[in-house]
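Down below are the structures I want you to see.
Presented sequentially are two complexes of chain A, the first with chain B as partner and the second with chain C.
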Partner chain A sequence: MLFFILRRSGVMVLTALALTFVVFFMTNLTPNLEKLAKSEASVRMSDDQVASWLDSHGFTRPLLARYGEWLGVVPGWTHTDASGRVTGRCIGPDRAADAAPARCGVLQGEWGQSSVFKRPVSEILARSLGHTGWLMLWVMLVMVPTALLIGVLSGMREGTATDRILSTFAIATTATPEYVSGVILIVVFGSATAGISPILAEWGWISGRTLFQGTATSAMTKITFWNFGLPVITIALYGIGYIARMTRASMTEVMTQQYIRTARLKGVSFAQIIVKHALRNALIAPFTVIMLQFPWLLNGVVIVETLFNYKGFGWTLVQAAGNNDIQLLLACSVVAVLVVLVTQLISDIGYVFLNPRIRLS
Partner chain B sequence: MTEWDTSKPILEIENLSISFFTRLREIPAVMDFSCSVMPGEAMGLVGESGCGKSTVALAVMRDLGRNGRITAGSIRFKGRDLTHMTEDDLRHIRGKEIAMIYQEPMASLNPAMRVGDQLAEVPMIHRGLSHADAMAQARQIISDVRLPDPDRILRAYPHQLSGGQQQRIVIAMALMAKPALLILDEPTTALDVTVEAGIVDLVKDLGRKYGTSMLFISHNLGLILDVCNRLCVMYSGEAVETGTVTEVFDRMRHPYTQALFRSIPLPGADKNARPLIAIPGNFPLPHERPRGCNFGPRCDYFEAGRCDAATVPMDLVPGSSRHETRCLRWRDIDWAAPPKAGRVTEKLAPGRLVLKLEDLKKYYSVSSGAFGGGAEKVVKANESLSFEARENETLAIVGESGCGKSTFAKVLMGLETATDGQIMLFDENVQDTPIQARNTDTVSKLQMVFQNPFDTLNPSMTVGRQIIRALEIFQKGTSDADRVERMLTLMDMVKLPRAFADRMPRQLSGGQKQRVGIARAFAGGAKIVVADEPVSALDVSVQAAVTDLLMDIQRENHTTLLFISHDLSIVRYLSDRVMVMYLGHVVEMGTTDQVFSPPYHPYTEALLSAVPIADTRVKKRRIVLEGDIPSAMNPPPGCPFQTRCRWKTEVPGDLCDTDLPPVKVMAGGHQIKCHLSDDILNGMEPVISMAADEARG
Partner chain C sequence: MDPLTWPLILAKMAVQFVPVWIALGLTFALSWHYRRRLGLYGQLYDSSVGRLGFAIVMFWVFTALFADLIVTHDPLAQLSGMKNALPGAPVKGSEGTWYLLGGDNLARDVFSRMVMGARRVLIIAPAATVIAFMVGITLGLPAGYFGGKLDTALSFIANLVLAFPVILLFYLLVTPEIRVTGIPTALAAVLFLFPVIFVAVLLNSRYFTNPPRRNLYVGASLALGLWAYSGLAFNMDPTGLWSMDPNLLNVFVSVVFVNAPTVFRIVRGIVLDLKSRDYVAAGQTRGEGPWYIMLWEILPNARGPLIVDFCLRIGYTTILLGTLGFFGLGVSPESADWGSTIDDGRRLLAIYPHPAVVPALALMSLVLGLNLLADGLREESMRD
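What follows is the complex of A and B.
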């Protein structure tokens, strides 16, 4: 088992390196760097000035070396200008040239400075991940139990009316992308002019102008049902359909197995058959799916956070990408890779744990 | 429940009809079926595949699935009608009063639940025991079913047990609540004969110990004789004959029962002097049953105008104990008449040497561990095999699962290359030549017939086309027209109507498919045919026809037949020489007579004793082997059979534990791989003997 985890971790590190290198390469294409120079120094720079700015800020060093700098395995660049002032990657306003360490990269815990927010990347990342963490938590709390319940209920008696209704619901939700469902939900529940809010307000059932809030900005300071409900449901809906369908497929298959018949012929009641005999076997496949949903949720998070103006990881990623914020983008990609790979690891380990047939000796 | 009288039948099925409703039509699976089981009695249910045995069993459990429905009749258990019971009432009967065991043990245990929990569940539901008490009882029952190390087994998951152990657990589970009626649906079909013998013994003992009544379903008449007091023969959804085992076996009064007995190889049958008599034709599908007697189209005694007039009722045979037959003419038939003399043929003398193996070895290396890694292990699938085979000869290779029979066939065919040793095919050395590198001539001379006729035919090509393909591959025939002609000749040879050439495989029955497989194998004029369990997937009545066919072709083409089988009855019937394998070793080899009579190798002795024989005159010594076949990954040191051998104590010292026995050549070239001394070997008693009384009537 330990060997397995070690090997998987190794693979994880390699993947992370490869992926960040790709991002590094893309964000450091010459046009992007020129844009960066102009936005950092002055928009009206001549081409020569841009070149010298880039040179004096270490951007003309070979790509691999600069990637190494970012990682923290290659000493950071230094530049001595005409007046003898030394600048460098690791030298900053609060760190003098002689006190600065040779290397300052991710390995040293220094993620650099965001060019959009003018703040350390680590700080921005921590804050936005915190916000997204809450969002994810609530999405999971809503999504997983609902999806499993729907899947199990429809799968345990295949072909019944309950099954048909729940399956239709599940298919409808997976077929609707978040940017559609999000907008619909806002219009129906979170708009002062359309949907049910005006009617409720007229009847005096709600005190504000809308039932749910159409933006989640206030949830960053205090989460309430009314400001967080719509974004959570928007993300969860899509996942619910997907996981429910997996669970249903797995459940219907399990229900036709001989050991279910054995249990039935032992006199076990239907409820007990579901709980004691079918559930664990039926959950093996969906468990993997749920874990693989995590990275996919990031995707929904990007759309929903933008839609509801909630400044989490997805929102930050959009800002960073839109403004070619090299350091922030790199950090975001590291986080994304880690999320994908860690959930995969958990899913594999969980699979082994749930399925005694492949439990390691 | 208390007022139920023990002199009355515990289970009484009356005029039961069951149909399955599919989108296309109603399938009447069981019609007008009646039978009753008395307390403590074991009732057998025999019949060919698809005749409705399992459907009856599931109807008793009221578990026919969504599309199955009881359309008429009643099932009374202890006087209460099960057909009208509510789900809730049924729950109190299932598992507590009636328990059922079915065919595949692995599939009937929950893979994600420990064995102990699955067992303990029964008394927890039905008697409200606490988990601890239930576990204690589970532990007790595990030792009752003679499993070693109950504590380990309680904690094990099903996949950690062998097939035989799993089946014992399933039996234990059924017995947990001491049910009054136990239904066993082919409980041993998936198991090896020696394991089967152990399980059957166990079931009989436990039945006696707890006074459980049994409904025992099997297609194997020998097993029925072994286990049951009464039996009911089913044909196409109906009971055609029922009575006590001795009545039905020795004084049968239904033509189907008679035909069934004549088509199975019993001791005394001989491929030359007394060949088996196959039942002509095929089993009718439920919706294609003929008018009148279902068996009519295949019956030797059919009388037009009478047998096909109206539905045939059950008729009681006077002076018997509830012996009934569903035949209109049973009074007219001379039951003592010997079967119409079959074709008596001459035994062929063995011809020139065509195949010679010397010291053949085949090892596989496998890695263990779920995520790769783990230690490399060597599986010795075949250990120093040496033998020769001649033209016209049938050599049987016998052994239980995992003994290396199929590996040997693969090596011979060139699907795998040998690790070591020599294979001389005609005059060629082929041990290192894989099939791709063999020339067409060699390939076409050495052909194989597979166990499962369902997997080996291309489902989307007509039968004729498939045979023509084989002819093309073997480069036979000069033109397309010539090949079509040859194909039709081959169809004649395997006794398939020529019109079948245009059929798709799915339009053929199992036996017919197997014939196509045989036709294909002989397309290139095969000289040596390796038949890997060619009839074990087929019904008994069809088995006879297919074996007969193989023999006929052999006689005509002077083929050498290597017949791989675990069924000793059929081996005895058709082979000239027999090779017994155990864990990759040939433990005994000799002519059929030598192998089937003492001196035996201890394993052969046990194997012979384990084979159920459907003949009331046969007396067998019971030798039940303990335990399971060791895994080929982890064979015992010394003699491969030492873990289960009952003769081991007769060998001085610990020779059996440490040394691989040498091959001992006895009189007549009979080889035995055992440390036992000649005296002891020669002093062995026969396992099977005939109580030589009157011929069967």
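What follows is the complex of A and C.
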């Protein structure tokens, strides 16, 4: 087991290095750097000026060396200009040239400076991840129990009316991407002119103009049911269908097993069979699915945070990518890649723990 | 003129869709009559889920085909006074025409844009899925069949792409700057080569024993394939018949790139399962080449799960294309595709919901149809 985890972690680190290198390469393409030079220094720079700016800011060094600098395994660049002033990667306004460390990269915990927000990347990232953490927590709290309940209810008696209705619901939600369900939910619950809000307002059942709020901006300071409900449901809906279908498939399979029949013949009640015998075995497969759902949730988070204007991780990623904020985008991609890889690892290890039939060697 | 009421709007839309109803009716009547002779497609008509899904999908396919007959206005025309017009609003200055589903914030007809958007979505999504399948099959078959180092290397690359958050990949791949660097063209050069290789190897392994025929088929497919390849990947087709807008190429390539590794994993898994079957051993004993066994023995037996996944994957690709449009990546602002129309409409969502809701419902119904169709196919293909 230990060897398995070690090997998987080794592959994971290798994958993470390869992926971050790809992102580094893609964000540090020449056109992006030229755009950065123009936005940082002056828009009306000539090509020569751009080249010299890039040179004096360490962007002309070989790509691998720059990747090493960013990672923190290669000493940062230094540049001495005509007047003898020394600038460098690790030298900043609050750190003199002689006091600066040789290496400063991600490994040293230095993520650089965001060019859009003009603040340290680590600060922006910490705040946005905090916001997204709350969103994910509520999504998980809504999504997982609902999905498992739907899956178990429709899988325990295959082919009944309950099964058909719940399965149709599950298919419908998997066919509705977040940008569609979000739009529809806003129109139905969060619009002052359409949906149910005008009717409710007319009856005097709600004090405001809309039932739910169409944006989640206020949820960044205080989360309430009314400003956070729609974004959470939007992300959860898409996942519910998928997890429910997987649970249903696994539940129907378990229900045909011999030990279920034996339990029935012994005279155990149906509810007891479901809770004591079927659920334990039926919930192994959904566990993997839930873990592997994280990468897709990341997609949902980006869409929903953009749609509801909630300044979390996804919103930050979009801002970084849209405004050519290289350091911030790199940091965002490290987080995204790590989330994907760690959940894959957990799902593999968890699967082995839950299912004793799997042997590793 | 008065604005139309909802029953009238629906009736007028139904009239506009008459070509679609006729085509749908003909398809269903003919297929129902001959369903016992049509194999898996005919069996589809035995399941109600499959019939419903197929009807929805074909509705959109025919809408895309007859889009020119269905639209009521030019989808790009901006008529004065129709900005954010409500559904059923009469067009000012021309008697007897309405904006059936209202106007968007640039005073264009939402209904016509939705219909035209179907055409764009239904060309790109299936085409990208086909290419992704060709890439996945061409790489997945040998990876599963031969195993070893080839399998390890290809699987590592596939996992690498799969571990990449889709949205980040899109933001990196589908930007105007990246076109300057030639990365999309290079990716296209690699990805578009696989269909050519696939068809050539397919025909070569089949007609290997009959050289004149083999030369004819392989030569013809190579000539045709490389002709299309030069036009699509490099935009260097001398006749100009095959060409792709660079924006579209960007979008297309990234969608294929995201989908191909999943197909690879599915194909590889199926091959690992099937290669221990007796008919594979029989082929090996007969002295058949590995590619013949892979393409003409294993692949036809793997068709069930592959067809099902193909349907699901078109839906997934549609969602991906919509995501790209939603973030305004790689599409022209004029474009009527559903994703970017939703993005346009969401800015005024709380006041004028119709410009965003119409394409949203269209996209949802198409993906739902594809999902139902896949379910029906799965049900029927499991039966035999």
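Rule of thumb we're sticking to: the second predicted complex is superposed on the first by the 358 of 361 C-alpha atoms of A that agree within 3 Å, B and C clash if a C-alpha of one lies under 4 Å from a C-alpha of the other, contacts with A are read in each partner's own complex, and residues count from 1 in each chain.
Basically, a residue touches a chain if its C-beta (ideal position, glycine included) is under 8 Å from a C-beta of that chain, and two chains touch if they have at least 3 such contacts.
Treat the numbers as computed from the prediction; the structure is a model and nothing was measured.
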Will chain C clash with chain B on chain A after the two structures are superposed, or do they fit? fit
Regarding the shared-chain residue A:T27, is it in contact with chain B (first), chain C (second), both, or neither? second
After the two structures are overlaid on chain A, angle v-u-w for chain B, chain A, chain C in degrees (C-alpha centres, nearest 10): 70
Is A:L354 contacted by the first partner chain B, the second partner chain C, both or neither? first
Between chain B (first) and chain C (second), which does A:A336 come into contact with in this model arrangement: first, second, both, or neither? second
Could you tell me if A:G190 is touching chain B, chain C, both of them or neither one (first, second, both, neither)? second
Applying the document's definition of touch, where does A:L317 land relative to chain B and chain C: first, second, both, or neither? second
See if chain A has more residues touched by chain B or by chain C, and give me that chain. C
Partner chain(s) touched by A:L265 [first = chain B, second = chain C, both, neither]: first
Looking at chain B versus chain C in the superposed three-chain picture, what is their shortest Cα distance in Å? 7
Residue by residue on chain A, keep only those touching chain B in one complex and chain C in the other, then list them. none
In the complex, the residues of chain A that touch chain B are 3-4, 159, 257-259, 261-270, 272, 276-277, 280-281, 284, 352, 354-361
Quick one: in the complex, what on chain C touches chain A? 156, 159-160, 163-168, 171-173, 177-178, 180-181, 183, 315, 319, 322-323, 326-327, 339, 342-343, 345-346, 349-353, 356-357, 360-361, 363-364, 367-368, 370-372, 375
Quick check on the complex: what are the chain A residues that touch chain C? 15, 18-19, 22-23, 26-27, 29-32, 35, 171-172, 174-177, 179-180, 183-184, 186-187, 190-195, 210, 214, 295, 298-299, 302-303, 306-307, 314, 317-318, 321-322, 329, 332-333, 336-337, 340-341, 344
Chain A-facing residues of chain B, complex: 61, 63, 66, 87, 91-96, 99-100, 102, 104, 107-113, 121-122, 125-126, 157, 159, 170, 173, 369-371, 373
